[in-house]
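Dropping the structures in below, format is structure tokens.
You will see subunit A twice below: alongside subunit B first, and alongside subunit C after that.
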Partner chain A sequence: MSVDQRLGEAGRMPADTRGTSRLSGETVTIGVIFALTVAMILGSRVISPAFGGWNQAETILYLASFLVFCSFGQGLVILVRGLDLSIASVITLGGVLTTTWLAGDNGDLVFILPAILVVCTLVGVASGIGVSLLKVPPFIMTMATGIIVYSLCLGVTRGTPRGYPAPVLNDVMRAELAGLPVPILVLAAFVAGGFLLQSYSTYGRRLYAVGNNPAAAHVVGLPTVRVTIGAYAISALCAGFTGIMLASYANGATLRMGDDYLLPSIAAVVVGGSSILGGKGNFLGTVGGAILLTTLATILSALGIEQGWKTIVEGGVILFALMVLREQVYEALRTWMGSERR
Partner chain B sequence: MSLANPPLPARWRPIRLLTNGALLITGVYLILVVIYAATEASALSAYSIESLLNNSLPLMLAAAGQTFVILQGGFDLSVAGVISLANVIVAVVPVEGPWGALANFAMVVGIGLAVGAVNGLAVAYLRIQSIAATLATMMICKGISLLILQAPGGYVSEFMAYELTGSLFGQVSVAALIALAVALVWVVFRRTNTGLALFAVGRDANAAALSGINVRRTRFIAFCWAGVFYGAAGYMLAAQTSTGNPAAGDPFLLLCFAAVALGGTSFSGGAGGVIASLMGAATLMLMQKVLFSTGVSSFYTGVFQGTVMIVAVLLMTLVHMASRQRRAQR
Partner chain C sequence: MGSVAALAVAGLSKRYGATVALRSLTMRIVPHEVHAVLGENGAGKSTLVKILSGAVQPNSGTIELAGQPYAPRTLLGARRAGISTAFQELSLLPNLSVAENLLLPRVSGTRFWPEAAGSITRRAEAVLKEWAVTDIDPVARVEALSLAERQRLEIVRALSHRPRLLILDEPTAALPDATWLFRQVRRLTETGVAVLYISHRLSEVRELCQRATVLRNGESIDTVDLAGVKDDQIFAMMVGRAPERAYPAPVAAAAGAETLIEARGLTTGRLRDVSLSLKSGEILGVAALEGQGQLELFRALGGVGTHEAGEVRYNGRPVALTSPRRALRAGDGIAYVPEERKTEGIFGGLTAAANMSLPQVPRIARGGLIHHRLDVAATRTAAEAVSLADRYFGFRVSDLSGGNQQKVVLARALMTRARCLVMFDPTRGVDVGTKQAIYTMMRGFVADGRAILVYSSELSELVHLCHRCLVIYGGRIVADVGRDRLTEEYLLAAAHGHGGAAPLRAAS
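On to the complex of A and B.
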């Protein structure tokens, strides 16, 4: 075995990228993901002529919006080397509070909605304090808060959440503005805001700094504890928002409504090119990952194949995407392009 | 951090931490046993102990496997998929008799090994992030289990259902013997070259590579061990429930990480051990019984479980910090 092989990841020399066009891996990832999604939607025309059109794209965006909302928070937490496993429970919390506190009434909507979001955010603050101040591993901390929140939802509702969201919320979910469903417009605004926050705001840059090297970030005087707590708080806020939207969409809440979003939120972030080890990633990649996963699920459901095959194909696509979107592939591509030019 | 550490021989440091974690969690377990015995009259009957051990064993095996992957510095989500798959296969192709049970065991261990090898290839050689690669293999395994068995059903061989969940000569619980065997395997393994390499890679992959350790091979082997243990966990779960369920592995996903954390194994790799994880898993299962026996409303057991998990981890961090300081002063 050669020394180079034995060194493994440790002793690898980075590829020589001098003089090559520096197309960053992130940009390529995002491009590839969106191209794949569009290709899949267009390709689904083969299954049925009703597919592949704008209508289907609209449906997919509508369904993907829920995943995008909670994946944004998940992405921020992953960025600071964490993981948020409480997302499923906080979505449920948001949904259950929406139906029980509003109880099908428009009356106090303007007070109750912010109150719900504040309660959800507090769950995130608790997780953040546990992770950053008490040094509990994120995996355990968020899993524990998730279990606690779920158990409280279960106890308070006695197993069956009752009530309905405000009619106004149902109307919003069905309304159209300028020919587009309102939730899609909300999604567009959310993506723009999230992208700006993560990539261009001071807070966003601090998240990257803390994620890349917490010790260095601390030394240069960044408030690492506050930055970390903020990431968990935003994640819980987003999950609560997802819960409100889901409850309004489905006109009710269930205790398991968040379960379908926990693993996909992690998958969306990772497929979108972020490193699970933190410090690297882009929200647009996550959005692409979320839309890609939703497209895949929608098309597979439309095909009417067995649940087993559906799961296998979904897993296979994730594995395939991860293999293609590896950093080394870009490196190889770049070196290849470089040697061609010389 | 490395500067503050005492100049202990690197070889002994992880082992000392391990005994620490294992001792601590055993203490917590004993406290819970006392509470359980005080609140539940039949807690110490032979039947009750046997059923508790049988209930705990699948999670203990799963946590033991997960420990290998966490020690090298990663996560393995495929645990849920492999347990479901092993569980379903044992219930769909039951082979009677002791040799049949062995044949079934060979099947599930083979499957676990295969999935572990795929994970290992993806993570160690293709360098895909472990949590993402194993998420994909978990989904694929779950899908295959669903194809084999759409809904809970099937039955396991009588030998598995009765002998493996019973007691040897009516005295020693088979489950306890299996747990003991796993602990012994670990005690031997951690002293082998691969075992030492596992800790070294988890501590600092670069340093390990520079000192001549084959990092990729070590990571690969860790995933293979993990897969084997998940297969065994699914097998024992089937023996205990005597039926198959394509969703059987789902509850294990989070619980086995909780068990490893309770055992004090570091999630950043390089410190901890299988024995501590075995005790962590046993503690989690005992905790459920204690909550029930002390009359906590079943709706709210989660609140206690979550709180105990956080408190236990905090406690262990404190003890670790204290012992590290003491050593630093010496």
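On to the complex of A and C.
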């Protein structure tokens, strides 16, 4: 008696397992990524007994949080078949504004922080308008806004950003609440909110629809232009937020502070199981991807490997992850499991 | 009949992941024969075609071609072995010319330098002429051709490979007139070629084919001599139960109906000065040969296309149908069901449930987040109207059969709550069971004062379904036929521009 026969509707219809084998690719990806991360953290005990414990995990989460913030926005843009290359510049913008506008003073924090985020969001709105209304390819459009924003930062600061973020921000980055560093709590809240927005909100549903089939989305009457602009706006908002957090963490801003996040943000999204072609993906996967990349970087640094080799290993791991986590591999796995059952 | 089969298939099976597409298929085709393969969507016809043409490899089973074992691994391998295929999802490259498409694997041949354009055109011209196609320009780009022209091109390309076995997968889905095709097929079979013919149109199959193999759920049920069986028996074999009547009895439109949509002087593309009015409780049909402007009309009313001149009123007020979104919000709403299911209809990567509930998303959410119970309830209501089984809800739409995909598209149109549906060939390429479900849905839809404008490439469907039918020829409405005079012959004559009826202007 095979499982199929028992599942078959009244024994008449052949069993149809297309939807029922819900060990979906996404779930597997996320599971594998987190398992890999935990394994790497535990395995790093070999390097030094100080590693592999909760302390190291905490450090990694702390460092990964910056990447998670900006990868969320990158993920939304990729979901609607785009790419946001302006992330590095907008992070810098957020950081530079934090230090110059606040200038080491707590005074107008409650007004200035939202103002910084609004300015950053407007950069994203501009990119989104270019992509959705003017039909400029996302790659070119975001590169252009990125260059413009960066050049503005360069011009206004004359090459050296001055000032400091508000001391309060600095304190927050070091504070602990209930035994956990505040930035990690912020990360947890951000992940929860981002996940809900992407997977369970009305806006999220529309994002997936537009990314999956823009022509059909238009025919169905979805506001495709608004949905697309929204994705770029959120991406810039997240990048600006990352800039504020980074400036607070480092107690200052530099013009190159965003550079280390552009390519990793794309890598985190793709390693996390999203399709670079849009329409498919899950924020939890991206979070896993970001943490995995950060873990890798941390361990490689700890090993004292030279920068060149370090980058080569990172690239290799990303490639490996992408090859292993492809759709075909699940298909093969499902076929194999299917044939085992009968 | 012949001693060596042209094609002999035994125990063929194919699984995709955990999905069984073919369970056990056995069939024999002899030379000179046109052999039909019949079955509902999802019965395994497409998989059979893909295996025979080398696109996918079976999990088990044997194939023999003229007595020789045959196991193609690529399309070119299949072609070398003597099988060529005209695919249902046409395999032409839209950005290349007709000539380049025709000769594609053989452009340039073995020479290093690219073949001169003139030489390509000359060779293509010869091929087209050989297969009696005179109205397609070899230098035209394929994207500029109508669907019917592309379909003929696809067929000519398959013919031109001089196969031993020709596979035609739904070759008439976009062909308004099958005479040309039948003539070419007969020419081919006279030379000893065998043809595997897949079609949903039983009358065509009877005209062209001698025997048919019926598939159901991936198994070959039986091979029958078509002369010896009735349609009912074939349907019964296909669905595994006694068939319902092909068409439910038509219902008269309610008296005292109000005019919902009124179009005046619509002009765009091939469409010339078309006026029509759609009343509540009415299924208004549109009959036309391929490419007479009906697509422009439907796209303009759905807000997908534009119109250069003319005015549309909804409930008496002028409306601007500049986007599908505007169309949905105009008056009591116009929902468009597109002709291209794959490109404009479905969201292949999303689940059936997510596809259907999309227009309702604002109403099934609380505080911006989707409310699971409302989501399921709304989806279920729409799915019931098109009789889509619950078990498909969690499936990715791209995993569903064509018929079920179409049900999803229709369910979504219902979810928009628009009072008027504008449907372009909603039953194209779907199986008998799905057609029934679609007819039931359409009748139910108009029964409570809503209205449908529908184009169909099958005249019999319009005759049985519509309260009134417009005929478009050369971009103009040439007849407005009431229920009492609605016959296939009448529509056919009018669609060919013959005034079997004195042309009537649509009047309200």
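Just so it is clear, the second predicted complex is superposed on the first by the 322 of 342 C-alpha atoms of A that agree within 3 Å, B and C clash if a C-alpha of one lies under 4 Å from a C-alpha of the other, contacts with A are read in each partner's own complex, and residues count from 1 in each chain.
Here is the rule we go by: a residue touches a chain if its C-beta (ideal position, glycine included) is under 8 Å from a C-beta of that chain, and two chains touch if they have at least 3 such contacts.
Because the structure is a prediction, the values reported are computed rather than measured.
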Touch test for A:A209: subunit B only (first), subunit C only (second), both, or neither? second
Quick one: is A:V220 in contact with subunit B, with subunit C, with both, or with neither? Answer first, second, both or neither. second
Output check: A:I276 vs subunit B and subunit C. Expected answer is one of first, second, both, neither. What do you get? first
Kindly classify A:K310 by the partners it touches after superposition: subunit B alone (first), subunit C alone (second), both, or neither? first
Which partner reaches more residues of subunit A, subunit B or subunit C? B
After superposition on the shared chain, which partner residues are touched by A:S201: those of subunit B (first), subunit C (second), both, or neither? second
Report for A:I266: first if it touches subunit B alone, second if subunit C alone, otherwise both or neither. first
Classify the contacts of A:T160 with the two partner chains as first (subunit B alone), second (subunit C alone), both, or neither. neither
Within their complex, state which residues of subunit A touch subunit B. 1, 5-11, 83, 85, 130, 134-137, 139-141, 143-148, 150-152, 154-155, 158-159, 263, 266-267, 270-271, 275-277, 306-316, 318-319, 322-323, 326, 328
Contact residues on subunit B for subunit A in the complex? 75, 77, 122, 124, 126-133, 135-140, 142-148, 150, 205-206, 208-210, 212, 214-216, 254, 257-258, 261, 267, 297, 299-303, 305-307, 309-310, 313-314, 317
Which residues of subunit C touch subunit A once you look at their complex with the stated criterion? 15-20, 23, 217-218, 240, 302-304, 323-325, 327-328, 336, 338, 343-351, 354, 358-359, 361-362, 365, 368-370, 391-396, 399-400, 412, 416
Could you please specify the touching residues of subunit A with respect to subunit C in the complex? 12-22, 196, 200-203, 205-206, 208-209, 212-213, 215-223, 279-280, 331, 334-335, 337-339
